[in-house]
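Structures are listed in the sections that come next.
The two complexes that follow have chain A in common; it is paired with chain B in the first and with chain C in the second.
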Partner chain A sequence: MGEPAVKIEESKVVADEGLNRGMERLTPEKIEKVIQSVLKSETGSRLKVYVDTCVHCGLCSEACHFYLSNEKNPSFSPAGKVKQTLWEMLKQKGKVSPEFIRRASEIASTECNLCRRCSMYCPFGIDIAYLMLVVRRICHKLGVTPQYIQSTAHSHSATMNQMWVKEDEWIDSLMWQEEEAREEFPNLRIPLDKEGADIFYSVIAPEPKFRAQLIYQAAAIMHKAGLDWTMPSTPGWDNSDMCMYTGDNEVMGRLKKAHFESAMKLRVKRIVMGECGHAFRSVYDMGNRWLTWRMPPVPVTHAIEFYAELFKAGKIKLAKKYEQPVTLHDPCNIVRGRGLHEMARYVVNETCEKFIEMEPNREHNFCCSAGGGVINCGPPFRNKRVEGNKVKAEQLFVAKSKGAKTVIAPCHNCHGGLEDIIHHYGLGMELKFLGDIIYECMEK
Partner chain B sequence: MHGLYNFVSGPMVWIAFILFIGGCLYRLVSLASLAKEKDTAVYAYMDFYYALRSIFHWIIPFGSENMRRQPLMTLFTFAFHICLICVPLFLFAHVVLWKESWNISWGFLSDSTADVMTLIVIASCIFFLVRRLTRPEVKFLTNRSDFIILAIVAAPFITGFWAYHQWAGYRMMLILHILSGEIMLIAIPFSRLSHAIFFPLTRGYMGSEFGAVKNAKDW
Partner chain C sequence: MDGSGKWDWDIGKKEIADINKWKETFEWVEEIYSSPDGEKAAAVVKTGEAEFSVCENGTAWENVFDKVWSLRFAPDGRLAGIVSDTGEWTLAVDGETWESRFEFVWNMQFSEAGEGIIAAAQSGRKYLAVVNDTPWENGFADMANLTPSKDGTGAAAAVQTVPFGESEIFKFQEGCYSVAVDGKTWDKNFVNVWEIAFSHDRKHVAAEVRTSLYDYTIAVDGVPWNQVFSSVWKPLFAPNDASVITAPVRIGGAWTLAKNGQAIWDKKFPQLWHHAYSPDGKKIAAIVSPKFGRWTVAVDAELWKLTFGDAVTDAVFSPDGKRVACCGKENGKWTIAFDGNVWGGIFDMAWQPVWSPDSLHVAAKLEKNRHYFIMIDGLPVKKGLEAAWDPIFSPDGKKILLRGIEDGKYFREVLPLK
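On to the complex of A and B.
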């Protein structure tokens, strides 16, 4: 029976209730049955060709920040992670041990950010992120998923948002932000459920919960630009999606359906979403596909693109430019996932005095190591995540030594990840969203 | 020995070519139908222009970032693949065989060029072997089949070189040369050497996803 390929020392086994309890409930028969059924009925040509074509050359290793940051330990290399999970499952025809599944879940959920950088380094363009999602899917069906992210998945399933925000709390938060903002902009409104509006603005649930000022700022920008916009009062307002990352495709589908449908019900022209990367991936790439929409049924615009539009059309006037030198972190899901890097630079140059590139950048930027649901796996895996991204700290440090004082990261996950990295490595840099900068500098 | 020679240079050639061509077609067709059944998205997102754009960047030496980061590997990979394809196709002795059997012919390489190119293939195989044994990230992924595949590829070139230079036992080497060449042909569709036929598909698909949907480069 397949055992974990790399034995982990006792001390390094992370205590995670979701993984441990899940593992205890497993039986060999169940494991075999679930693996076989996922492989047979849910995967096909892609999995086959990716496994058959990989020539074991290791060229993808250089791409992965986990590998680079862990002294080039091969068990962190992209193909190395596939070897320790899928290859073995295939080779053993699903006859692997509960310990193996526990380890596979840990690898796929906490040692890979699904950042897709390795697809640009593998000569064959093998989609390791997809393969890791297949592993997560298997582990999900076996009930072996890290506890913290599973709890957000439960919240999604019960409330259609990630943070157990109740319907009245949501509406309260919006009204509260509106009230606050009206002290600064007397006529400002956050229009709820306005039918036929041009813009349906959606956010992730952590915004009303922890970062309500972002809603304030977005409202201020919409108001000053004189736009016809709305936010929904009913479930479907949250565009985030951790179920896409736990392998719970069914709930992912429900979430995206609720999101698209609330936009369609209001007959809006398009969805504009806040500065979040994973939510964009869910709406633009994965959720729509699960619902068999080739492209999203309602046009989707990410905040970066939206800001770029506003500046091009001259709809936002600036009172000043942001003074401190800034550098820009390119979030995977909207750069490798949507190619918004030039637009982001355009907005940064419009709003900031001095912009310093970090290297590598654009499509080649290193992931923040929070993405792909890794940060949502919570404190048990925090050290591994932060120490597993030394290269990011070095990259930031070089930008800092060139003078950058502020890091702009137009993504929620990246914020969480970079915050930890900046703190852990004592980099002392400030972290901002593009919206923070625009709000700070615009004519009020 | 004569009988053996007749077999490997007669019926076995037919068997090898039939299995090679038939096998490649079979792999491609079965993959296409599997995709139709289970991965229809592949068809929905495949984009001819962006597939070619990506393939183009990956078949040009140093056309991708990773190739520039690994210059030695890139040099060997390209030299290896070019020689591997050109020598068997354009070796004078092979061209003559085609002419004799089918009365078709095409250009050929001078013997000394082919000799050097053969050495390049052999040297590259040694390079790949050493890399596999010494680089931890490659070693970690390696299993027995990787060595077998490397041997299958190196064998026709080593034996061919031997036979051409008429070193000791070259008649036997010639037989081994033909046989190993046939084994390699047969192995292409049925082993990881199939990366040769799947490369345009996997690269093209990633190129389409990156280019057409995600508006980004993948090299």
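On to the complex of A and C.
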């Protein structure tokens, strides 16, 4: 595979109000000014090194699920996406058309999951996800961002959570789950605002909104493990961050400030977060660092690390092991981003009778195609997302043919993406979080 | 008014409550809270099947509730909690419930001296504030950042003033939020409204606002500053001059402090937040990051030489305005710093330091291996407590009040300062 063809095939234009109306408001002057401003003021040696180092070899192509799933169409290769967006902006010194910006936004936001698999295939380790984020930042500054994810960014800014969950709805959800759980564990508490607790448990907004059973399960695990934990009643409880993906860095910083300051205000020792990948990227890398915290000011433990810790310490006892053969999907942000793959396998092996690896796996695993905010771009881009990950379906099918009936995906967005893939390709596999398995199998 | 002058300042230790006995009496006992004067300990307790109350010095309130949460002592010593009373939510203060009832109540807060108790409430999907049992006349589609006035007689909040659908992104960007002060909204709407500050005389309100997706500024009584920035943090009014409003602002990728829209510090930093005025209003301190990954305190833009790698929090001026103390964290461990110096000893957690009235001493609560310490000027005066609360100096600065739990017994102890 060499450098992508110069002539890029016309893509089918997807109707999206955020992109279309955003584009209509652009002028060439504004585009040039914003591009120059972002390139001059917000990028530096990192961008220059990446741009100057790339030899256009195209080795990144084979890494990309969009490329592999679209008949190796070069326009979907990582280098091809950079070529269609940032390189052209650089080459033209910002003199590009509104239509170009619309297409650049669509490519950066809906055809790249920022999964960083391509960086491992690049001989120089160029972080192409960073280049796509620069494109998204430019498009944000130009007001051309897909409608659904922009709405999510608005929710973040107005409520400090990604799903327009109002302050009372959040607390009510916790109290509801506590009440439900007390029927099973009579003395269980979800302690709100407990100052000095060891653990501040944080989740993403889809949990109170759609997946409240995960809060129930987390509370059951905390309760049975006898841990000193709390959840905040005020904004800052949501660790998620779609602003990181729309390029609204200022709100990204504001969200992480609220999150960490909620934890610091309660004087907790650490934050344990639920099974989410992108939120981990935000609290552990991007959001904290935008605020100039080199590392999180309160240590962050991802659910996988937390579960592994509980099993190693013998704090959770199992009544049985999960019987159906399982396979494990390695989420990009906590595997390529943090190296939690062996820990995840330890937890899977502790809790499941039979574990079947999908291939490739660990840091080489294919992305779910939902990450990087792509699933948050909503229904207009659903087909492109699902059809753009045929390789994932094939990967799952092979695991299934070896006997795997359940896919464990310890990440919310991966769940959304894999659910669509399993359904679309008729794979007939069950999908679980690790927390689902632990709750189902633990002594109660 | 600080009522601490009326407290018992006789030297000595008083055992107030045997928490172990509470645990024998009630099915469960939640977190213990201590009154500011140390004379009372209280906790939410379970008194029966789905029945909760509050135990205060060993005696449960007469009233029982479906649920009690957010139990706290106000600075004036009243004990308040949010309660569900036969399916309706309200507040209970010293055992008596408020008359006003709602579908839900949360975010209970006190004014500085405790005269005012406020909370957020929702009924019929309308959101409003309740101030001392008086609800706002108007409710809103949503409300956030509820803030009490200094005197506790009023409140302000960020409120949604224009209805919009979640997917109506361009309508959202026209501005659908404003500030409501005592239930009345400003004339102008903004894309976002965040943290809010009252002037000390309660007559003015300022807030962080976003006027487009990219333009941040401070609005004062509904009027935004003429200048916009790439971001801002919480504004403050000068203590003695409500015409002076300051806020951290981001210009060209770095932060500085602005007064009424104009930068007043001649330095910029990778980060600057949580600025605070000295009591006389003459100095301003702020937590700053002088370079990526390092944190310190700046007083009138002059940096301490001491920096921390993890975090700096809780900066507080001494009463004379000449000194500043804070919590600092390095390599995962906390300590107390003052005037650019650091206490010896590292801890798992530190609480905001407390200055003596004469500004000569600083005390703090710290924790190590789940044991609590009270320290003054870097030396422990109490070690190994099971629980502890912030120490309080006597008004004459000659004594200190400690509150803690030792062997399951809650006590208050007054010690002389040597």
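As a convention for this text, the second predicted complex is superposed on the first by the 433 of 444 C-alpha atoms of A that agree within 3 Å, B and C clash if a C-alpha of one lies under 4 Å from a C-alpha of the other, contacts with A are read in each partner's own complex, and residues count from 1 in each chain.
We take it that contacts are C-beta pairs under 8 Å (C-beta built on N, C-alpha and C of every residue); 3 or more make two chains touch, one makes a residue touch a chain.
Computed from a predicted structure; not experimentally measured.
Colleague: Using the superposition on chain A described above, determine whether A:267 touches chain B (first), chain C (second), both, or neither.
Modeller: It touches chain C, and chain B stays clear.
Colleague: Should A:201 be classified as contacting the first partner (chain B), the second (chain C), both, or neither?
Modeller: neither
Colleague: In the overlay, answer first, second, both or neither for which of chain B and chain C A:52 touches.
Modeller: It touches chain B, and chain C stays clear.
Colleague: Looking at A:150 after the superposition, I want to know if it touches chain B, chain C, both of them or none. Which is it: first, second, both, neither?
Modeller: Once the two structures are laid over each other on A, A:150 reaches chain C alone.
Colleague: Of the two partner chains, chain B (first) and chain C (second), which one does A:127 touch, if any: first, second, both, or neither?
Modeller: So A:127 only meets chain B here.
Colleague: With both complexes overlaid on chain A, does A:311 touch chain B (first), chain C (second), both or neither?
Modeller: neither
Colleague: In the superposed arrangement, does A:72 touch chain B (first), chain C (second), both or neither?
Modeller: Only chain B is touched by A:72; chain C is not.
Colleague: Tell me which partner A:294 touches in the superposition: chain B (first), chain C (second), both or neither.
Modeller: both
Colleague: After superposition on the shared chain, which partner residues are touched by A:338: those of chain B (first), chain C (second), both, or neither?
Modeller: The answer is first: A:338 touches chain B but not chain C.
Colleague: Considering only the contact definition stated at the top, list the common interface residues of chain A for chain B and chain C.
Modeller: Correct list for chain A: 289, 294-295.
Colleague: In the complex of these two chains, what residues of chain C are touching chain A?
Modeller: 28, 30-31, 67, 69-70, 103-104, 106-107, 120, 122, 127, 142-144, 160, 166-167, 169-170, 172-173, 177, 191-192, 194, 210, 213-214, 216, 230-231, 250, 252-253, 270-271, 273, 289, 292-293, 309-311, 313, 329, 332, 348-349, 351, 367
Colleague: Where on chain B is chain A touching in the complex?
Modeller: It is residues 31-32, 34-35, 37-39, 41-42, 44-45, 54, 58, 64-66, 69-70, 73, 132, 135-143, 146, 192, 194-195, 198-199, 201-203, 205-207, 209-210, 213-219 of chain B that touch chain A.
Colleague: Per the contact definition, I'd like the list of chain A residues that touch chain C in the complex.
Modeller: Touch list, chain A to chain C: 17-18, 21, 41-42, 140-141, 143, 147-148, 150-151, 154-155, 157-160, 164, 166-168, 171-172, 175, 187, 189, 191-196, 233-235, 248, 250, 253-254, 257, 264, 267, 269, 289, 291-295, 297, 299.
Colleague: Which residues, counting only chain A, touch chain B once they are in their complex?
Modeller: Contacts found on chain A: 43-46, 48-50, 52-59, 61-63, 67, 72, 74-75, 77, 79-80, 83, 119-121, 123-127, 285, 289, 294-295, 335-341, 363-364.
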